[in-house]
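What follows is subunit A paired twice: with subunit B in the first complex and subunit C in the second.
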Partner chain A sequence: MRKRKSYIGFIAPGFCLYTLFMIVPLFVAVYYSFFSWSGMGEKVFIGLGNFRRIFLDPRMASIFRNALGNNFSYMLVALFVFIPLQILLAYLIHIKIVGGRAFKLFIFLPYVISPSIIGFFSLLVFNPNIGLLNATLQSVHLSQFAGSWFGDVGKAFPLLVGIIGWQGIGVGMVIILANMTDIPGEVIEASVIDGAGLWKRFWFVELPFLKPSIVNVIVLSSIFALTQFDIPFIVGGLNGGINGRLDFLNLVFFRYTFGDSYNGETAMGFGASISVVLFLIIFVIAMAQNLVMKRFVEKDGNP
Partner chain B sequence: MKRNIVLVVLCLFALGQLAANGTSEAKTTEQKKVVLTIWEHTPQFEAPLVKTLDRFMALNPDIKVEYEIKTPDNYLSLLTTAIQAGEAPDLFWQHGTATNDMENLMKQGALMDLTSYLDVKKYSAMSMGKVTYNGKIYQTPAATIDTRAVYYNKNLFAKMGWKVPKNFAEFEALLPVIKNAGIIPISLAGRDGWNTLFIFEPILAATHPDWIQEADKGKAKIDDPRVIDAMNKMIDWGKKGYYGSMFMGVDEAGQYLSFSKEQAAMTVAGSWTADTLSKNNPSMSIGAFQMPTADGRKPIVLTYAAGFSVYSKTAHPKEAVRLAKYLTTVESQQIWVNGLGAISGLKEVKSGSELANEIADANLELESFYNIMVRYHSPDQSPTKIWEEDDTKLFSGAVDPKGLVSSIDALMTYPGIK
Partner chain C sequence: MIKKKQGIAGWAATVILALYCLIAVILIGNMILSSFKTKTDLIYNTFGFPKLFVFDSYAKVVIDDGFLRNFLNSVILTFVSVASLLFFSAMTAYGIARYEFRAKKFLEMYFLVGLMFPIQIAILPLFVIMRGLHLTNTFLGMVILYTANLSFSLFIFSRFFRQLPSALHESAVIDGASEFRIFAQIMMPISKPVIFTVGLISFVQIWNDFYLPLVFLTKRALHTLPLAIYQYLANFLAYWNYVFAAATLALVPIIVVFFLFSEQIIAGLAAGSVKE
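For the complex of A and B:
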């Protein structure tokens, strides 16, 4: 009897800490979302008033839709551009291209730099007046290509996505690469003996083995895309950059919840409602992805 | 031999005791001191704050004041969280009535009523209006006037033969001349809301001072054609490249650096940046003037700075009030004005900087556009929030002046208009 319950001792510390710091705050946020509350003093119960404001107030709904659209746009780029690129880069390193180790180091290196530093360097490079990029273009007589970068409605978003991708692409690549190195050597050898070329070997033999890591990278990338904050905040400011092109849901949450010396208001209740909606969106997407991927893996058989 | 060793040991022991006594006495004195904590919201005010506190501690040896400098981006959230947790600093800076901060903090009971403690006879009504709510003083007043100014590179102006404009037409005529010389006329951070406000207010003051005077009394609406006209002027200058062709991507640091690197001949910014601009560019001769009106008057958009509030639940109310009292004295204000190179709003306090005197060279005092929005907002409405989120969109065309002022107007109440 004693032996059978010993697992409780192992689970309890983690369970208690997780409940205290993750589950309880979640329910507290849901509770606050029904109140009008600046963060101090009396809370006024307003039922679904905060949620109505998010979805039905014309101004707020437009801000929310725009930010959510930016989150989804970034997520689509992550899923359909970054992940294929991560697989390709992992494969190039796996087949030991010349300089592969240095290549791996250079791709992974930006990830160990803090996003705040990346954002700061981005400003130094892309500042239209004093930035390195425009200065370089002007010095080589290519000033016609100089731009306002983050101040350009058309360029701001792709540029931001490029910077975030440059910083984070190494993580997924390393996860996929670790999976690649686990593929049994005899399977590869058999495919070579059967006459499979590089492409066929990758597509029909190696790629199916990578499903577990790709599924993980898809889920992680989606959550990462929906929780963007640091770099957009630094390069675009709290109001979400030019015309809100760099506005993300986390920025909207921060702007309305905490304010700053310019956006001089705090609204914890309303902020909580934004965070609840954001949580539900992430939860639904992550669950849907898990369900689809699980079926996909089970259907083809998990090698 | 043994006796000698014992003597040496005894001497060492005695010396040790003496040293220990000395240290413990010092520790006791240190322990007796009441430690106060004060928060300031921007590094720009660190230098004057340090000098002021040093003087206060010299005068009050029983009090030690520790200061913390925050950044504007997260100041309000930090302060709110600290108050909510019951761990707010003994004294803290806040915006006063310039924003809704004081009203919110006062309603939450976070501010000590300082009315009976502070001697504020020397301060003007405008200065006291910044720190008073419902007839009670919740913050130390400040002698420094916050305004906006056109800073210019004197050497560059002299070299190119440009003159400081005497009226608005001259100012506007100067802009294409500077641009045609391959220099950005006005360095501006088109990305940042505050900087957009700080150029809009002088343009509004120069083009339609009459609107500000009427709106100050609640007798003119925000969606007045004169406000729209000033906005269009600001936008038009952007379209003509007077802020540089790529100003929409420039942030506040980029605005100042562009001016420092002599890429721009002028920049429009707050008076509190004067000291930073001067110190960071010791080789540059920086001048300042107020954007003139069509008839040559020099309007100045005045907003008095605000000082520090005392936390209502401070563990050391007597000492905190002593510091608040000191911060209200002429001596303290003089230290602050000197440390910041600021403009003085008290006749007893002299501005020590030539640049500050140039900024203050004006003959028409006007209220801030932003303050008018704060003062006449409808109950539980925040028109400034709309301005804050949308002002930079005026340049990109995502928002047009008429639409913006209509949205703001919907959240205003004008006591002078039936």
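For the complex of A and C:
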């Protein structure tokens, strides 16, 4: 590779597009967040007023806490249920259980389905009147278990988490699976000769090799959890479902920023402050995870 | 079939996973079958085979509701955006990966920021910028946004370009080819497999994208398939027999692409998500 100025010509167009439409907006959001602004007309500087409203206004603070709580609950499920499941699924496919190749395809399949169609499926299955689930329960004389599903305060959130998980679980699985395939054969052979069973082989030999992909899946899942929008919006509606059980930060943001006939309020300055808070949360969590992981990886002496 | 022995636990896993995979098969299969039912058939026989295969729902959706328009919108927007994204991200990645210069390390990091902060975080200023440029409710605006969101493609491309032997470039220089010609006529042809993989993944993502069209394409005539289906869902009980046909039309192309090229899609997605 030589030093030549022509790299500028290759990089400039992509750099400009990316900077103007991806990076600049991140900073402009911070600027807007200090203003009271409906999106049209005058911006009025109000300092930290928007942030004060998010955290201190009793009505707003409870909406915000509820939504953020849902984001975090989903994140905990992703980290402590979905990721172990993804590792397990990848491992089962990796050791070539019967049907593994087909399972890989069909577990991944929902990922390529548009969120609106996922929303349609969830209506089909969980609609209290015409849904598959209640119909099936009735036909096997278990109608006492039939319910209103997304209309049920206790069930709406777990159901939603299940649907989002169903759609996305394949991605982490294939990332981890690709990493498993990279484990050098000799390492595994040596452990087999040493008499390690499947479980021991997995825990002591393969898992340490999987750190890079697992770290990545953790980061990707956390960001995904904090920016949930599509499926909650389609299934639960803009107002966050029954009792706000399906509300997420991005929905709150969308409601206030772009407004709608129900709220009758378009508050772009306030919306910007919500997205700034979201930005900061993602930033802090990503940094924290990076630090923790680095320490983890270094301590075990395994790059 | 001769297979190495699989214990009880293995068979239990096989059975559980088979049942789990059935969920997707049943949902998709039922949707396709139901799209051929009449409304009464659908009400009394929601989850069975159609008594009679009719195309009423398709006729209604395509002819009366202008679903063809939504379909074409999706096709045009997806293809133009994927082509534009491939061109710009490959070119940028090439410039970063194949040349040595001072800001190289910085640029590599800079372009990764887009992976960390999804476009939703900055959607509001983006909306103001787009409105200022009169790009809301235009396909041009959408193509620009999908192209600007290039971190993922760029990442896969630069990984590929970095591992190409530099001799390739040098022999072309001796032949007197210009830098851009080397890129277009030598590098692009040997990158075909990567271009194909990145293209497939972007195709799936843009075809299915819900959020950006929701914000930027508010005019009904510009709605893409995911938005059109969402509109049907909003009036679900009145039109639910049509949703089957609409959703089938939207889903079948992507399912076909997925089953034809699942290896490339899965491998590409996995490769693009693991940073060294």
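Here, the second predicted complex is superposed on the first by the 288 of 303 C-alpha atoms of A that agree within 3 Å, B and C clash if a C-alpha of one lies under 4 Å from a C-alpha of the other, contacts with A are read in each partner's own complex, and residues count from 1 in each chain.
The working rule: a residue touches a chain if its C-beta (ideal position, glycine included) is under 8 Å from a C-beta of that chain, and two chains touch if they have at least 3 such contacts.
Please read all numbers here as calculations on a predicted model, not as lab measurements.
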Partner chain in contact with A:68 - subunit B first, subunit C second, else both or neither: neither
Subunit B versus subunit C as contact partner of A:275, first or second or both or neither: second
Which of subunit B and subunit C A:250 touches, first, second, both or neither: second
First (subunit B), second (subunit C), both or neither touched by A:286: second
Partner chain(s) touched by A:258 [first = subunit B, second = subunit C, both, neither]: both
Partner chain(s) touched by A:152 [first = subunit B, second = subunit C, both, neither]: first
Which superposed partner A:130 touches (first subunit B, second subunit C, both, neither): both
Subunit A residues touched by each partner, larger count belonging to subunit B or subunit C: C
First, second, both or neither for A:11, with subunit B first and subunit C second: second
Overlap of the subunit B and subunit C footprints on subunit A, listed as residue numbers: 39, 123, 127, 130, 257-258
Complex contacts: residues of subunit A adjacent to subunit B: 38-41, 59, 63, 123, 126-131, 134, 146-153, 156, 236-239, 241-244, 255, 257-266
Of all residues in subunit C, those that touch subunit A in their complex: 3, 6, 10-11, 13-14, 17-18, 20-21, 23-25, 27, 30-31, 46-47, 88-89, 91-92, 94-96, 98-101, 107, 110-111, 113-114, 116-129, 144-145, 147-151, 154, 166, 169, 179-180, 183, 204, 207-208, 210-211, 215, 225-227, 229-230, 233, 236, 240, 243, 247, 250-251, 254-255, 257-259, 262, 265-267, 269-271, 273-276
Residue ranges of subunit A touching subunit C (in the complex, touch as defined): 1-4, 6-11, 13-15, 17-18, 20-26, 28-29, 32, 39, 89, 92, 97-99, 102-110, 112-117, 119-121, 123-125, 127, 130, 132, 135, 166, 171, 174-175, 177-179, 212-213, 216-217, 220, 223, 227, 229-230, 234, 250, 253, 257-258, 268, 271-272, 275, 278-279, 282, 286
Interfacial residue positions of subunit B with respect to subunit A in the complex: 41-42, 72-77, 80-81, 83-84, 95, 99-101, 104-105, 107-110, 184, 187, 190-194, 244-251, 253-254, 257-258, 261, 263-264, 382, 384-386, 388-389, 392-393, 396, 398, 407
